[in-house]
Structures are given as structure tokens and as C-alpha cells.
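Presented sequentially are two complexes of chain A, the first with chain B as partner and the second with chain C.
Right after this comes the complex of A and B.
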């Protein structure tokens, strides 16, 4: 008979203890995995969207910073406007290398003219540094009239070959990499296309697309080399009235803070659960050792060494922890995958599923913590069991 | 083969009070001997068996196996000796409840070098046949009578072909008829092999096969019978 068979029999023979350890490991492993995955996914998204925008400073109408950030991260369409002349004033601020205007629009929802409600970003191909580099790399040319590229979740509807925005048909010529943010559901097109769609909307759509004359929504700024974007942002705010200038490092600060807060709350929850599991598993195994004193004495009489008794209890606990931890990680992954949209909407946080190696590392981390938690809890009772005097144990 | 020299075992009762379970016990057991240890409850019979088997350490004195001091060995070697050279039959129910009869019989092999020996299940089946339990190999202990359980325990004690069989009141919980059957079985097993047997019993008259009877009284060993 192999010692593992003995361990397995003990697991099968004590349903309460086995389930207690299994469930504790499941909760610890699953919670750790989901916590780190959520926070890591949010931070990855924030980093990626900052990279995607590529702006050192983002200038928006005064007081609309939160709305624009939410639009970019959560894909909630927004319409904000400021005078186009701001573009020239921003371009004239010392330290500004490039200033590129953008229009933030929303397509119509549930209208026969349109595919679906989408956040639409129009850019100026002459100055743009957000989409144009990608276009040059992947398409070899910029967007033409009535052409657009979409985020990873933008598709041409089934049975059609174009996207319809305010009644105008748009060719979807490419899709961007997933970011886990609102940019995944956004449509990117040129100013010319945006104005053409707006002009056509008066006859083709149930409601016209109104773009106020000589207006823009935002200006993305790249600063000159060795210039501090924070200084440039302060200078823009000073020189251009009625705008909010957000340096790249300060972009999505509220979301970073939220991710940090979520991280701290989840860490506290995880710490509490781990401690409770430690106590529960420790108590359960202490009770088991007390109940099995005579049995442990018999095993020692039959030739089990102290080390064999210690190993047997530790392996029993670790097998349960491995099973529970792995189940917890798998369940957490499944829940996060199935309900990711609901979770993202509830937490008001962007989320991007990390790469497979990152996921595997997270899963291994979740398992390792569950195993360590259970091993720590079982160590004392197992040591006590292995040091029992067999003769005394059998007599009780 | 087994020699005990002036073995005393005391237990602390707390507040500085100690009780001696055995006092200066000297005993020598030869190979093939069937020694019966008798005495009243609390006389120190079980402690003597525990001293012989290395399950408890003498407070003073020595326990020698083939000239080797048991307590000069480390735990691993002492456990290996118990595993390979000793078979135990306890008074209390000692079968593991979640194991079948056959699994209980092969249990000692989990701690020995023969754990992967493919012949072990066959040997266990043969032992169960020998103790009259071949038909119950897949039963669980709770499905057996006390006498049947003791028969399985005897089979378990013999699975590693030990040199010495230690039985601590093996019939203590059995009715008279089953007690007689079990003691007869011991006699048969001991007579057919080169087994050395030490049996603690209240009823030495039921063990006519015994080659020697000694009596424990107040922790002191004296010739009896």
C-alpha cells in the first residue's frame, strides 16, 4: 500500500475536515486570483490607453476632464466643445511640439439609420499622432473619406458590408488592438468624414449630427524633447482661458486612485479571509489530531515514523489545498470571464484580460498562497501529532 | 532475542507526583518462545509490552533486541524494526474504519520497503484465508463482529512476516467462545512458524501452548503460572 493511498483514504474518510480545507483554499485561491486579476487588468488598461493616446498633455473644455476621461475609458459617448481658435493658442504655448484637435461624437442608438450607439472620435490627419502611426504601420496610408477604423469590439453588422452612422455608410478598414477600455467600442475617422456625416445626417438620419461651427472637443499635445509636460500643462491653463490641461501623468488619476482603493480593499479582504482560513483549518486539524490520537498511535506501532505521520497530515492538507485552490482559481477565472462586462460596469473601471503567461503566473500565485495558508495552518497540529508518544496516544 | 535490563517506567501525575508502571524489570525472551504475561489491571503489563516494542522509553534501564539497545536507535530505525520484526494485536478496536479488511491487512506495508511489492495483496489474501476471513476481504470494520475484527488484526500483524508477535489482551472484549477460538489461532500460528509470541492475558489457563507464564504485580515482574 502506498502512503498516498493512506492519505487519500483519510481525505475520503473525513468529509467535514476535507470540505473545510478544500473550501478555505478555494476562497483564498479564488479571491487572490480575482483581486490581482482585476487590479492588474485595470492598470494594464489604463497604461495601454495612455500609450494609445500618446499625448503628453490633453486639453479639454474647462470642467469636462472627468467626462472625457470616462468617455475614453468606459466608452460612454460625450459631447464637449471649445472654440477651434484654442488650437492655435495651444500650439503657440512654449514647449508644445504638436497640437492635434479631436472631435468627440456619439452615433445614434436604436435608430434605423445607424448600426449602434458608439463613441466616435474624429481626428485631423495632418497633425494626429494617435491613430495615424498605427494606420501607417498597418494600412500604409491614412484614412480616406467615408473610411474608419474601429476598436477591437467594433464590427460590421452581419449581412452588411459597411457601418452606418447617421445614415452615412462608412467602410471599416481596420481594427485596433484590444485595450479593455471604451476605445475598444470607439470609431475613429477623419474630420472630413465627420463633417460629411454631419452634413448628410440632415437628410439621412432621424436626428442630425450637430457639430457646432469652428468647434473642437479636445486637443492632444506632444511637448518638445526634455520639456516637462506638467509645466506645459500649467502654461496652457494660464495662457488659454476656458480649458483644462491634463498632463499625461495626471490623466485618469481618478481611475488610478480607484484602482488603488480597490486594491487596498481587496487586500484587506484577502488578509481577513486568509487569517480566518488559517484559524479554521488549524482548528479543524487540531480537532482531527485529537480525534485520531489512538489511530496515530496504532500507525506508529505498525511502523510509521514521526516523519511519516507529519508528511501524511501535511500531504493530506496540501492535496486538499491544491484541489481547492485550483478550483477557486478556475471558478474565479470563469466568473470574471463570463461577467466581465457587468463587473467593469459595476466598478466603473476599465479591464483588459492580461496575457496568457500573466494569467498563468497569477493562477500559480493564487495556488501558492492557498497552499501556504493551509500548510501554515496545519503545521502545528501535524507537528503535535508526529510528536505524540504512541503508547500514551493509544491508551487514551 | 529480547532482553530487558532493570527497566523502570514512571509517569508524572502532576504536582511532582510520579507513578511507576514498571520497576526494575528484568526479562529475557528466547526465539520461538510463547510467553504469557498475566496480572491484574494496572499491574504494568501493557507498559511492559510498550517497553519491549519501543513504543515508550524506559525511565531507566535498557531494552535490547538481539543485543541492540532500542533507544540507541533513531526514530526511523526503531520504527523500521517495529514494522519488519513486530506484529501487534491490541485489546481495543484498532482497524482503521475507512479501510476495507484487505486494506487494513496491508496497511503496515505503507511504512516499509515492500510498499510496492506486487506479492503483498496475495500474501494478505492468504493470511485472511488462514484466519478464516477470506470471504470478508472487502468488508469494512463496522460490518464485522469484534471477534472477526480481531482475526483481521492478527492477519495485519503477520503481513510483514514478523519475528515477534505482541498481543495485549487480544481477547479482552470477546465472548468466551470467540476468546477460545482466537487463542487457539494464536497457538496454531505460533506452533507452525518460528514466531516468538508475547501475550498479555487475564486467563493464562486458556493458553496451554504457553512455554512460560510470568506475572506482573505492582510494576514488578515475577515468575508465575
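Right after this comes the complex of A and C.
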């Protein structure tokens, strides 16, 4: 009988032990993979939103920073207003290269006039640097009146060819790449379209869209080259009363903290599970070695070296760990991929599946930890078994 | 084999029950017509169809648990795999779910049916492999 066949016979011969090791490796591998993937996915998502906004400084009405960040990340519509003249003041601050205004609006939910509740962002095509570069690259022109582009989850309803916002029909001319954040459900249109929709809403919608005159919601700022955005943000906060200026690096701090907290909780859980599985696998294999003392004695008497006995037990455990770890990683990947939208909605945290090379690296990491956990647990009982005296073992 | 049959029975129960509580009709979000009537949306019909496939799977799982003949087990496992594929196809291609990505049918029902369908296919294929193996000669 070949050594591998002997290992396979041992695996098949003891269902309880085999399942215990398999399941421990499955839980450790799957948990590690999903923990790292969740945290990595959230960080990836935050990075992509910051890139897409492209702003060095975001200026919002004083005290509304959290609401605007939640709107941008989770797509929860918000309405915040500040005087339009702030735009000129911000543009005049030293170090500011471009200042572009935005309007944050919300479509109506469950109303016959509207497709669905959406976060609507209106931008000024003259100064915008968030959506316009994408439009020029993909459409070759900026948005016209009654045209919009949407996040990846914005759709035109069945049987219709346009989206309806406050009773006005809007042509969806493109969709942005998925970010795993609220921007996926946001609609982007120009100021002119927003004002036209607001004017029409008084006669077409169940409730009018009210945009206060001479008001804007936020100003996105690009600073001049070699100028520190944090310094510009401080200067804006000093020069323009009633606003909060958030430097790009300081955006979404609450969500970064939340991701850090989640990663610490998951790390503690992973540590506990790894320790428990280490104890369980170690105990199971200790019992197995005790049960198989005579069998091991016979093997040694037939000429098997200590090394061969040690190898046989280690290979048996590692084969089970490999199977369990791989199953755990696959299952975790499948569950996270399928339920990614539910994760975003219930954890209130952005999440985006990372690239394939990152995924493969994470899977390899999960598998390696599961293998190491089981190998460590089995090492002591395996060494004890290999050191058994054949004559004594056979007599017992 | 009995463990696989029990797994299929558990999955069949979940496939039958879960979609009944995660569809837009259950959430009170049916399509309201101009005359006030409510029309069930796609996900409601997917949930109903899942119930039909679940009953079939439940019977298959129970038969698999109690059958002794290898050939019968093989045939049942093959049918189980087909039923698993149907469970995946119901929300993705045959009927579908609603368009709104935030609806409970999109958040829970569709991914759950796909996951359970995959597990049914894997369990059935494992059953097929196990029932196709020749018994080892005894000494």
C-alpha cells in the first residue's frame, strides 16, 4: 500500500476526526478571507469615490459635512443649502484653481411622477471636473438639457425609454462604473436641467422640487499645483463664514473609522476561532494517536521510519486542511459576491469586490493560514506518535 | 449519501420558504395600476415557482435518503442537479426579479436562490459520484 493510499484510508476510516479538521479549516480559511475582503472592499470603494469626486477640498454649509458624506457614500438623498455668493468668495481664496458648484437634490419616492427615490447631483458644466472629463472621454460631449448620466444601478424602467423625475422625462445617456457606494444610485445632470425639472414640477409632480433662489449645496475645489489642500481648506474656513471645508484626505473619516472598527472586531473573532480550532484539532489528533498506538507500532515494526509516521500524520491533516480551507474560501467568496448589495445596505458601509489578482492573493492568504493553523495543531501529537517505541505500542 | 440527502432536504425547505418572505408583494410594494388594483411583480412569480421546484426537491431528497439501489440513487442525484440548475435559472433568466437594486428580491431572494441552487447542484453531483463508485471488494 502506497503512503498516500494509507493516508486516504485513515481519512475515510475516521469520519468524525476528518470532519472536525475539515470544518475547522473551512471556518478559519473562510473567516479570514471574508474579513480581509470586507475591509479591503470598503477601502477600495472609498478610494474610488475620492478619485471620482476628484476634489482637493469639498466645501459644504457649516455642520452638514456628515450628511453630505453619507449622501455621497450611501446614496441617502440630502438637501443642504448655502448662498451662491460663497462660490465667488471661495474662488478668490489664495491657492484655489477651480471652484465648481453642485446642487444636491432628491427625487420623490413611491410617486407616480417618478421612477424611484434617487440622490440627484446637479453640476455646472462650465467648471465641473467630476463628471465632465468622463463625459468627454465616453460621450464626446457634455450633457444637454433633459439629459443625465447615472450610477451603475440607475435604470430606465421596463417599457419606457426615459427616466421620470418630478414628472419631467430625462434621457439616461450613460452609466458610470460601479463603485459600491451611493454614487451607484445617483443621477448626474446639469444645473439647467435641474432648474427646468424644478420649474416643471409645479404642474407635473405631486410635490414640487424646490431649489431656493441663489443657492447651492456644495463647492468642489481643485487647488493650484504644489499647494497643500489642507492649508487651502483652513484658509477657506477662515475667509468664508458659515461653511465647512473638508480637505480630500479628510473626507469620509467616519467611514474609515468604521472600517477600522469592523476590521478589529473581525480580527478578534478570527483570533478566537483560530485558537479554538487549534485546540479542537490538536485534541482530536491526540485522541487519534492514542487510538492508533498499536497500528503505529505495527507500522514501525514493519520498517516504517519515525519520519514516515510523522509525514503520514502531517499529510493526512494537511490534506483535510487543504480541502476544508479551499471550500471555506470558495464559499466565503461566493456568499460575499452574491450578497454584496445586502452587505452595503445592512452594514451602511461601501463595499466593492477587489480586482481578480487581489482576490487570488487574499484566497491564497486564507488557505495558508488554515493550513498553518492545522499543521501547528497536529505537530505535537504527530511528533509523539513518531517517537513511540514499537514494542511498547504493540503490547498495549 | 444520507448526509447529502439530508442537506438537499434542508435546502429544499429553504428554497421553498425563504422567497415567500423576501419578495416585493410581501413587502407591500406591488405594482399599483391607475384604477388602484395591485399587480404582483416578477419576483412574486419567481417565489411561487421556487415553491414548486422546492417541493420536487424535497421529494427527491427524501427518496434519496431512503433508497438502497445505486442506480436509483444515481437517477435521483441526476434529477437533483437539474432541479438545482432550475433554482438558479428562475431568478436570473426564466422569470427574473424586479429592476430596483434596493428591493428585497434583489438584495436577498435572488442571491439566496443562486447560492442554494449551487449548493443543490454540488450536493447532487457529489451524490452522483458516490453512487457511481463500485463497492470495494471485501477480504
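The criterion applied here is as follows: the second predicted complex is superposed on the first by the 396 of 396 C-alpha atoms of A that agree within 3 Å, B and C clash if a C-alpha of one lies under 4 Å from a C-alpha of the other, contacts with A are read in each partner's own complex, and residues count from 1 in each chain.
Going forward, contacts are C-beta pairs under 8 Å (C-beta built on N, C-alpha and C of every residue); 3 or more make two chains touch, one makes a residue touch a chain.
Bear in mind the structure is a predicted one, so any value in this text is a computation, not a measurement.
Participant: Looking at the overlay, what does A:136 touch: chain B (first), chain C (second), both, or neither?
Facilitator: After superposition on chain A, A:136 lies in contact with neither partner.
Participant: Looking at the overlay, does A:303 come into contact with chain B only (first), chain C only (second), both, or neither?
Facilitator: first
Participant: Between chain B (first) and chain C (second), which does A:390 come into contact with in this model arrangement: first, second, both, or neither?
Facilitator: So A:390 only meets chain B here.
Participant: By the touch definition at the top of the document, which applies to A:126: first (chain B), second (chain C), both, or neither?
Facilitator: Neither partner.
Participant: What is the contact status of A:338 with respect to chain B (first) and chain C (second): first, second, both, or neither?
Facilitator: Touch partner of A:338: chain C, not chain B.
Participant: Go through the superposed model and pick first if A:272 touches only chain B, second if only chain C, both, or neither.
Facilitator: neither
Participant: Which partner chains sit in contact with A:257 here, chain B, chain C, both or neither? Use first/second/both/neither.
Facilitator: A:257 sits against neither chain B nor chain C.
Participant: Looking at A:155, would you say it contacts chain B, chain C, both, or neither? Reply first, second, both or neither.
Facilitator: The answer is second: A:155 touches chain C but not chain B.
Participant: I'd like to know which partner A:355 touches here: chain B for first, chain C for second, both or neither.
Facilitator: neither
Participant: Which chain, chain B or chain C, is in touch with more residues of chain A?
Facilitator: On the superposition, B touches more of the residues of chain A.
Participant: With the touch criterion stated at the top, can you tell me which chain A residues are shared between the chain B interface and the chain C interface?
Facilitator: none
Participant: Using the touch definition up top, name the residues of chain A that touch chain B in the complex.
Facilitator: These residues of chain A touch chain B: 1-3, 5-6, 9-10, 12-13, 294-295, 297-308, 389-392, 394-395.
Participant: List the residues on chain B that touch chain A in their complex, please.
Facilitator: 46-47, 50, 53, 55-56, 75-76, 79-80, 82-84, 88, 90, 92, 94, 96-99, 103, 106-112, 115-116, 120, 156, 160
Participant: Hey, which residues of chain A end up touching chain C in the complex?
Facilitator: It comes out as residues 116, 153, 155, 157-158, 184-185, 334-335, 338-339, 341-342, 345.
Participant: Going by the contact rule at the top, pick out the chain C residues touching chain A in the complex.
Facilitator: So the residues of chain C touching chain A come out as 99-102, 106-108, 111-112, 114-115, 118.
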